[in-house]
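Each of the next two complexes has chain A plus one more chain, namely chain B in the first and chain C in the second.
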Partner chain A sequence: MSFASTQFLAFLAALFLVYYAIPQRHQWKLLLAGSLFFYWFAGWWCLIYIGVTAVTTYFAARKIDALARGQEAWLREHKAGLSKEERKAWKARGKAVRFRWLLGCLLVNFGVLAVVKYTNFVIGNANAALSLLGGGQLPSLPMVLPMGISFYTFQAMGYLIDVYWGKCPAERSLGRFALFVTFFPQLIQGPISRFGDLSRTLYAGHSWDSRQIAMGAERALWGLAKKLIVADRLAIPLRTLVADPERYGGVYVLAVIFLYAVQLYADFTGGIDITIGVARMLGVQVTENFQRPFFSKNAAEYWRRWHITMGTWFRDYLFYPMSVSKPILKLHQRCRNRFGRFGKRISVHTCSLILWFVTGLWHGASWNFIVWGLLNGIVIIISQELEPLYDKFHARFPRLKGSRGWDLVQVLRTFWLMGTIRVLDVYRDVPLTFRQLGTVLTGCRPGTLWDGSFLELGIGGGDWLVAAAGAGAMLACSLLGRREPVRERLARHSPHLAWGGCVALIWLILIFGVYGIGFDASQFIYNQF
Partner chain B sequence: MKRNIRAALLWGAILCAGLWLLNALFMPKYMSDIPEGALIAEYYREETSHDVIFIGDCEVYENFSPDLLWREYGVTSYIRGSAQQLIWQSYYLMEETLKYETPKVMVFNVLSMKYGEPQSEAYNRLNLDGMRLSPQKLAAVRASMTEEESFLSYLFPLLRYHARWDELTGEDVKYLTRRDIVSDSGYLMNVEVRPAENVPAGRPLGDYSFAPACWDYLDKMADLCEKHGVRLVLIKAPSLYPYWYDQWEEQIEDYAARRGLAYINFLELTGEIGVDFSADTYDSGLHLNLYGAEKLSRWFGAWLMENCPVEDRRSQENYARVWNEKSAAYAARKERLEAEWSGKNPA
Partner chain C sequence: MEDLLSILKELHPEVDFETCDTLIDDKILDSIDIVTLVAEIGSEFDVEVPAEELTPENFNSAKALWAMIQRLDEA
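Here is the complex of A and B:
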């Protein structure tokens, strides 16, 4: 059930009406039932996968929590009779037991994710290697990826690790925990919420709040407008440009970089706006996932502002633990001894590259994503290494730093750099992507931009204008909403503006949305991850 | 709380009014182009009842002239025809018509028996968009939808026609709330002449049987007419193409005999009627032009008077007033179209 479907609208309307009609103490139960129904719609078999994750994580977390409490209580009771070393040894033993539970659960859940997502990728690579050696071929397996598995697995595992670290207590109710894992607005494309954040409003009773509902509806409609008016409209010329790379090289590749950046932004932030808006209509606060990423001045900042919850997940649960792990500490020691000051940074960069390798792999089982991830890591490492040079440059031209012109240069540079790396998402394979990027230098004919060729890519002049107006509206909202979102500011002036905004957005979506016969409302791009 | 409810009601009303306006604006008007799309809705503007209702595809709305039936026989009739009308659409139109009036005779053209499945979204729209919202319309939509279509878009046509935003013209504004009359009691007049030459023979088919669904709907039509005391007459219009196979003819003849229905295949009567396919067709034999349609109607009017319980109503004031106006419009249209056609063919 896509967010951009009439089934979803009908489902949401029914759920919404019942939600505010029943006693507040039962609201979370309705959300759970609704979420399971939503997930069942994608295929009953998907419920088995998410059920395994919810149940194993729930029991593992409860066990880890109980062990920690039991060990603490025992220690408090016997503190007087134990020496410092004995206490330390006791703690270490307890931690090892808890770690075994953690590891077991992580292996089960990441194992399931790895099997369904990467088996055929591994088989494909094995076949490529075998064909080089003149061997036979392994058959690929009929794997179907359960909806949202990458998102809910990471969310559940984040919770488990938090429980293990003692950052949050284990949830006592299996039903409530299942709701945390399956909460339908964020099930298919995130954000990857933390238990501590989401649980604050997820289980509470919510009374009717017209303002919150209007604001939530407006945000969801804004997201739908981004998706249906901009993203799905740009998807049409993009499909044409990517389908025939031989014909569309040079300046068209620059167009792909630009258009895909806008399309992905409209698609992904549109989906997240719907998620956050729908949750808000139900009284639930979901973490923001974007912070005006296209205004970033460098790659590291961009990744702090784009898909924030994924970035922080990898940072907190992979990068930090990996940085203080024994092998990395050993590497750090060795490199420092051997290479001095630069050597100190080798271990950090190694962790960075591993992080970006995994991030790429998380996005998809293909070399395109792996190379995409690694390139992001390399760009960030290079910019960190070049920092002294930048400092020298700014010392030479002190008026440049902080000036609007220089900020704009940095923003545009980051936009195009990130966009160039991102085209690995769209072309068939890595060599083709680099070949296409090469044509920008070897076969760029700028005249194509204004000789009418772009009107032959599947959409006409009017559609280009609508897409440009939509992208312009997104840009304006980003510029004006630096401190506070535009819709919040307008609604403060008059509550009528929130309702008026909803009505205007409905009209715009109905008229200019790309849907109906002849158009397939495309799946949200991040659904596939 | 009261203020919130007032605001919600206000904005709800604005939303609905806007949606109504947008629906009206974006619906194709079928005034200057594809007038076939306007035929179904025109029926609701009829002021008097009819003794004969024609139901079917282009072979009825292009081949029969209700005006001639009135002028020469005093028979009141109307054609509820539309392009590639499928048999289930004909059935539901028949059912809907019987809500408004009970004619003496229903005439159904059997060509649509050849289509056992939904065919094309474009034709569905021409047939169904004009119907008023009713259980019959909903049933017709359900029966007609191709896989790509959505039921909701028949209730809110904006969902289908929103992509016309860059095709809107002054006509869409001009006809926002009203329509001109494009037909003469459902007859779409054409005075052009394009003789039938080299009419292709039908290529052999693997299976000549009509689909079970078509028989079901034909049965339902017969039952419906029987229930309402309406005489159902089956016809096959004298169109040379699409080809009408002997095997199809046999099946319809058998069916008509079995159900005690009249069946007239005009293809076998063209000589008697006087249809001349070198002068009486505007598209090489697919449809008759005005002159052919009047010949056919003249013959059929006589048959109706002889075989059906229809009456000459020319002396009845309420009918005469309406039909004389219609005749005047018919004559004016004929004159205008003939002048246009002579302009195109000065010889």
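Here is the complex of A and C:
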């Protein structure tokens, strides 16, 4: 059930009406039932996968929590009779036991994710190696990816690690924990919420609040408008441009870079707007996932502002633990002694590259995503290593730093750099992507931009105008919403404006939205991850 | 504390670490700085900083960092 479908609208309307009609103490139970129904709609078998994650994580977290409490109580009782070393040894032993439970649960859940997502990728690579050696071929397996598995697995494992670290207590109710894992607005494309953040409002009773409901509805409709008016409209010429790379090289590749950036932004942020808006209508606060990413001045900043919850997940649960692990600290020590100042950064850069390799792999089981991830890591490392050079440059031209013109140069540079790397998402394979990027240098005919060729890519002049107007509206909202989102500012001046905004957006979606068969839009791009 | 300040100074010579208490909030230290710092703390003070200690509260100021080092040393 896509967010941009009539079924979802009907489902949401029914759930919403019942939600505010029943006693508040039962609201979370209704959300759980609704979330399980939403997930069942994608296929009953999907419930088995998410059920395994919810149940194993719930019991492992309870066990880890109980062990930690028991060990703490024992230590308090016997503290006086123990030396510092004995206390340390006792703590280490207790931690090791808890770690075994953590590791077991991580292996089960990441194991399931790895099997369903990467088995055929591994088989494909094994077959490529076998054909080089002249051997036989392995058959690919009929694997179907359960909806949202990458998102809910990461969310559940983040919770488990937090419990292990003592950052949050284990949830006592299996039902309430199952709701945290399955909460339907964020089930299929995130954000990847933290238990401490989402649980604050997820289980509380919510009374009818017209302002919150109107603001939530307006945000969800804004997301739907981005998806249906801009993203799905731009998907048509993009499909044409990517399907025939031989014909569409040179300046068309620049168009792919630009259009895909706008399409993905409209699609993904639109989906997240729907998630946050729908949750707000139900009184639940979901973490923001974007912070005007296309205004970033360098790659590292871009990744702090794009898909924030994924970035912080990888930082907190992979990059940090890996960077402070014994082997990496040993590597740090060795490189520091041997190479001096630069050596200190070798271990950090090694961890960065591993992090970006995994981030690429998380996005999809293909070399395109792996190369995409590694290129992001390499760009970030290079820009960090070039920092002394930038400092020298700014010392030579002191008026440049902080000026609007220079800021704009940095923003445009980052937009095109990130966009260029991102086209690895759209072309069939890695060599083709680089070939296509090469044609920008060898076969660029700028005249194509205005000789009418772009009107033959599946959409006409009117559609290009609507898409441009939609993209312009997104840009204007980003510029105006620097300190506070535009809708919040408008609603503060006049609360009725939020309802007016809803009506206007509904009309815009009805008139300018792009619909498929049965008035259902195409799938959100991030659903496939 | 002096040793810690010199490690911090080496990372960001332009920052006054004795007074600044918004190192994370103002994005002065990024994740790369944090892990470099942890590695240096390990070498200098012989203290293991586990991943769960890498929180904004522990890294927002030199004072908070020093308190964390002492706490971990005593634990």
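Everything below uses one rule, namely that the second predicted complex is superposed on the first by the 524 of 529 C-alpha atoms of A that agree within 3 Å, B and C clash if a C-alpha of one lies under 4 Å from a C-alpha of the other, contacts with A are read in each partner's own complex, and residues count from 1 in each chain.
Keep in mind that, in the parts below, contacts are C-beta pairs under 8 Å (C-beta built on N, C-alpha and C of every residue); 3 or more make two chains touch, one makes a residue touch a chain.
This structure is a prediction, so every number in the text was calculated from the model and none was measured.
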Clash or fit (per the criteria above) of chain B with chain C on chain A: fit
First, second, both or neither for A:511, with chain B first and chain C second: first
Partner chain(s) touched by A:462 [first = chain B, second = chain C, both, neither]: first
Touched partner set for A:351, first chain B, second chain C, both or neither: second
Touching partner for A:333 - first (chain B), second (chain C), both, neither: second
Which of chain B and chain C A:167 touches, first, second, both or neither: second
Touching partner for A:503 - first (chain B), second (chain C), both, neither: first
Chain B versus chain C as contact partner of A:410, first or second or both or neither: neither
Which superposed partner A:285 touches (first chain B, second chain C, both, neither): neither
Touching partner for A:495 - first (chain B), second (chain C), both, neither: first
Distance in angstrom between the closest Cα atoms of chain C and chain B, superposition on A: 40
Footprint overlap on chain A, where chain B in one structure and chain C in the other make contact: none
Of all residues in chain A, those that touch chain C in their complex: 84, 88, 91, 165-167, 300, 315-316, 319-321, 323-324, 328-329, 332-333, 336, 344-345, 347-348, 351-352, 384
List of chain C residues in touch with chain A within their complex: 30-32, 34-36, 38-40, 42-43, 48-52, 54, 74-75
Residues of chain B that touch chain A when the two form their complex: 4, 7-8, 11, 14-15, 18-19, 22, 26, 121, 148-150, 152-153, 158-160, 162-163, 165-166
Contact set on chain A toward chain B in their complex: 6, 210, 460, 462-463, 495-496, 499-500, 502-503, 506-507, 510-513, 515-519
